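For reference, the structure discussed in these notes is given below.
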Amino acid sequence: MVDMIAAWTAVFFTLGIYSILYRENPWYRIAESVYLGVAVGYGVSVDLLYIRNQWSGQWSTSAGMILLFAIVMIVGLMWYGRFTKSTFYLYRWPLAIVVGTGIGLALRTVIDAQFLQQIVAQVKTPFFVAGNMGATINNILIQIMVPSVLLYFWFTGTIRESAPMKIVEKIARYTMMAGFGSAYGYTVLTRYSLFIGRSQFLLGIPPNEPSNQLAFIVIAFVMLASMIGWDFTHKKTPEA
Amino acid sequence: MTIIATLLQVIPYYFDIQVLKDMAGTATNAVLLIVACATFVGVISVLMVHAKRVQRRTEGWYFSGLIIVFVAIMVLTGLPFAEFGLGNKNSIFNWIFTNIQTPLGGTMYSILAFFITSAAVRAFKARNIEAAIVLVSGTLMVMGNAPIFTNTVPVLVDISLWIRNIPNMATMRGVMIGAALGAVALAVRTLMGIERGYLRGGEE
Amino acid sequence: MSIMDKINNLDRRIIYLLAWIFVLYPLIFPLGLPIPISSDARSWYSYVENNVNDGDTVIFSLMYGTSGMPELFPMSVATMKHILQKDVKFVVLGFWTEGPLVFNALLRQVNPADYGKVYGVDWINLGYIPGGETAMGALATSFQNSVAVDFVEGRPLSSFPIMDNIRTATDIDLIISFETGTPGAPEWLRQWNTAYGVNIIVGCIGVSVPGMIPYINSGQISALMPGLTVSAEYELLLQKPGLAVAGVDAVSTSHLLIVLLVVIGNVAFFMTKEEKK
């Protein structure tokens, strides 16, 4: 019985979201509201658990660490200064610390990870690969396309009107369009993969519960019937 | 404060000064706690908006009431007091996560599949040469990801891999290098105190 | 109104209904289409098989929540089954709030105890660490300072034998990260790969794949698992077909629908243009 309630609840909320495909309706609003409430509340649990666990770790080992923990907690409470105008200035302190630390951690290695390594890989790409015409053509294309895209982003304004830049611009735009097509193809794969996963759940395909199937049929029927019935009974008659 | 926090992370990375390294390590762990302390900001923001709607009985106020109820249930049952049976092992908390949040989370993003399908017939048109390139490469990628096509026309796999590894790679590499330079420029501006947009707010 | 105009103005609910039919039909009546194995699946399989050696220590990171489960869960389960066949120690952790509970769902599919792995000796779950990239940087410098207790039993890390030799990023041989966004591969690369030279392999949703390719090309990411179709191929290579294989027929039919609609839409567009001329 408990399992059945669980299955029917999960199916109800899944179909509640999908009901938006027919039109805006109360089933969708219920599911959306519950999702917002649960998602916001869930995050609190894991964060508070982390704070509690940290206290039992290094932060309670000595008087100095306990004092530091107290200071950190006071700084942490300053986040809530953002809710009133008179205390808003307090909110800027933890924000500055967090942003500064994040910038520092990223700044020290971003040059290597996302700049130098990419340039090294680009420079190491040989123009000519002996015995492999396909790889040679591909490498030449990469050596033309990457600088074109970079120049397209870096040089804007009147310099784009010069003849060489017009050629660079065309190559860059066509390269990017082909790249966006690739992104589109993968986006279709992702979104349908998510939908297929939910469909497997609704159909009760193992390891999902087989009882989901009955719940799917019944709840889908009830939701569709209620929406179509409402539309039918509230159809506006044309003015005479 | 931003500058101090940034330099505290950057300097020990390049200079082997043990005191600074220890300070940076402690500071980083302190920042994790500060971030965790912000957990109620989202809850309070949501409650402020929706409590007002319930109080004023605006249209759809009962949905706001539903939000408040579920926020309260999850926060209360998820409090980290395992001694009282609360926390992430609480049965109500787990039941809600497994049977409500999991299906809802998975379903929310899967809806985009339908919108993409609708866009495929209504919006994805070869209006000019650039749109045609996107259309052709996109369609070839879609075909390259589906066994129904790759079994009958095996060369589609090679074509889709080519699109991914050559023009897409070139685009993303160019964007990545540009973005890295932009990130460094933004970081330097923040360090110099020129960029302070993240500190704005509270003026209204 | 001509047929082409009708197509151009088609009620979108009919298109949605077609999407439902094209996905549900092959799930109810499997087509059994053969699944060709791609180079991506072979690279991933080969990397895990040949580069993860006995005695290695691996981070198994679930950087996704319930929204990414349909696409990433099958590859997570398959990779876990592959790793468990080896004599490696692994540390489960994540920087997404829902990661720990997603891992609990994975444990219902794959139990390390069935492979002779003992919790606390061969593997440990450190749970969720808040802070995104900052947390990744903190963890790299000291596991014990960033995480006080484990996620399963709530005991100090020092009480687990596995953590005796795991203190910093230099004690980790490989990161296996399944992710849907930020924090993700770029953050791992900045905090672990560039700073400490730790190898990384990434399983990601399709939307993230284009952004990963430059990292694959430069060798910063050693292998990539791009989406559900390749997960199915990997399951076949492991000879353990699962959720991904069960869903690939639906991937085929749904993609067939997209191609048909694109073709029909463009034919209607061009014929309408001709009529107007």
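To keep things simple, chains are lettered A, B and C as they appear, and every chain counts its residues starting from 1.
Definition applied: a contact is a pair of C-beta atoms (placed from the backbone, for glycine too) under 8 Å apart; a residue touches a chain by one contact, two chains touch by 3 or more.
Here the structure is a predicted model, which is why all the values come from computation and not from measurement.
Taking each chain's centre as the mean of its C-alpha atoms, the one that lies farthest from the centre of chain B is C. Ranked by number of C-beta pairs in contact, the top chain pair is A-B.
Distance between chain A and chain B, defined via averaged C-alpha coordinates, is recorded as 4 Å. Distance between chain centres (mean CA atoms), chain A to chain C: 14 Å. A separation of 16 Å divides the Cα centre of chain B from that of chain C.
Within chain C, contacts with two or more other chains are made by residues 16, 19, 67, 69-70, 98, 100, 129-130, 132, 134, 137, 145, 154, 195, 206, 209-210, 214, 217, 227, 229, 251, 254-255, 258. Counting partners per residue, chain B has 9, 13, 26, 28-29, 31-32, 35-36, 88, 97-98, 101-106, 108-110, 113-114, 116, 135, 138-139, 142, 145, 164-165, 168-169, 171-173, 176 as the residues that reach two or more other chains. In chain A, the residues that reach two or more other chains under the touch definition are 21, 42-43, 46-47, 50, 53-54, 58, 98, 101, 105-106, 108-110, 114, 118, 121, 179, 182-183, 186-189, 192, 194-195, 197-198. Considering their complex, residues 7-8, 10, 12, 15-16, 18-19, 33-36, 38-39, 65-67, 69-70, 98, 100-101, 105, 129-132, 134-135, 137-138, 141-142, 145-146, 154, 195, 206, 209-211, 213-214, 217, 227, 229, 248, 251-259, 261-262, 264-266, 269-270 of chain C touch chain B.
Of all the residues in chain A, the ones that touch chain C in their complex are 21-22, 42-43, 46-47, 50, 53-58, 98, 101-102, 105-106, 108-110, 112-114, 117-118, 120-121, 179, 182-183, 186-190, 192-200, 203, 205, 207.
Across the complex, chain B meets chain A through its residues 1-10, 13-14, 26-44, 46, 48, 60, 63-64, 66-75, 77-80, 87-88, 93, 95-114, 116, 130-131, 133-142, 144-145, 160, 162-181, 183-184, 187, 190-191, 198-199, 201-202, 204.
Chain C makes touch with chain A in their complex at residues 13, 16, 19, 23-24, 27-28, 67, 69-71, 73, 97-98, 100, 108-109, 127-130, 132-134, 137, 144-145, 147-149, 154, 156, 186, 189-191, 193-195, 205-207, 209-210, 214, 217-220, 226-229, 243, 246-247, 250-251, 254-255, 258. Those residues of chain A lying in contact with chain B across their complex are 6-7, 9-11, 13-14, 17-18, 20-21, 29-54, 58-59, 68-69, 72-73, 75-77, 79-80, 82-83, 85, 88-89, 91-101, 103-111, 114-115, 118-119, 121-122, 138, 141-142, 145-146, 148-150, 152-154, 172-189, 191-192, 194-195, 197-198, 201.
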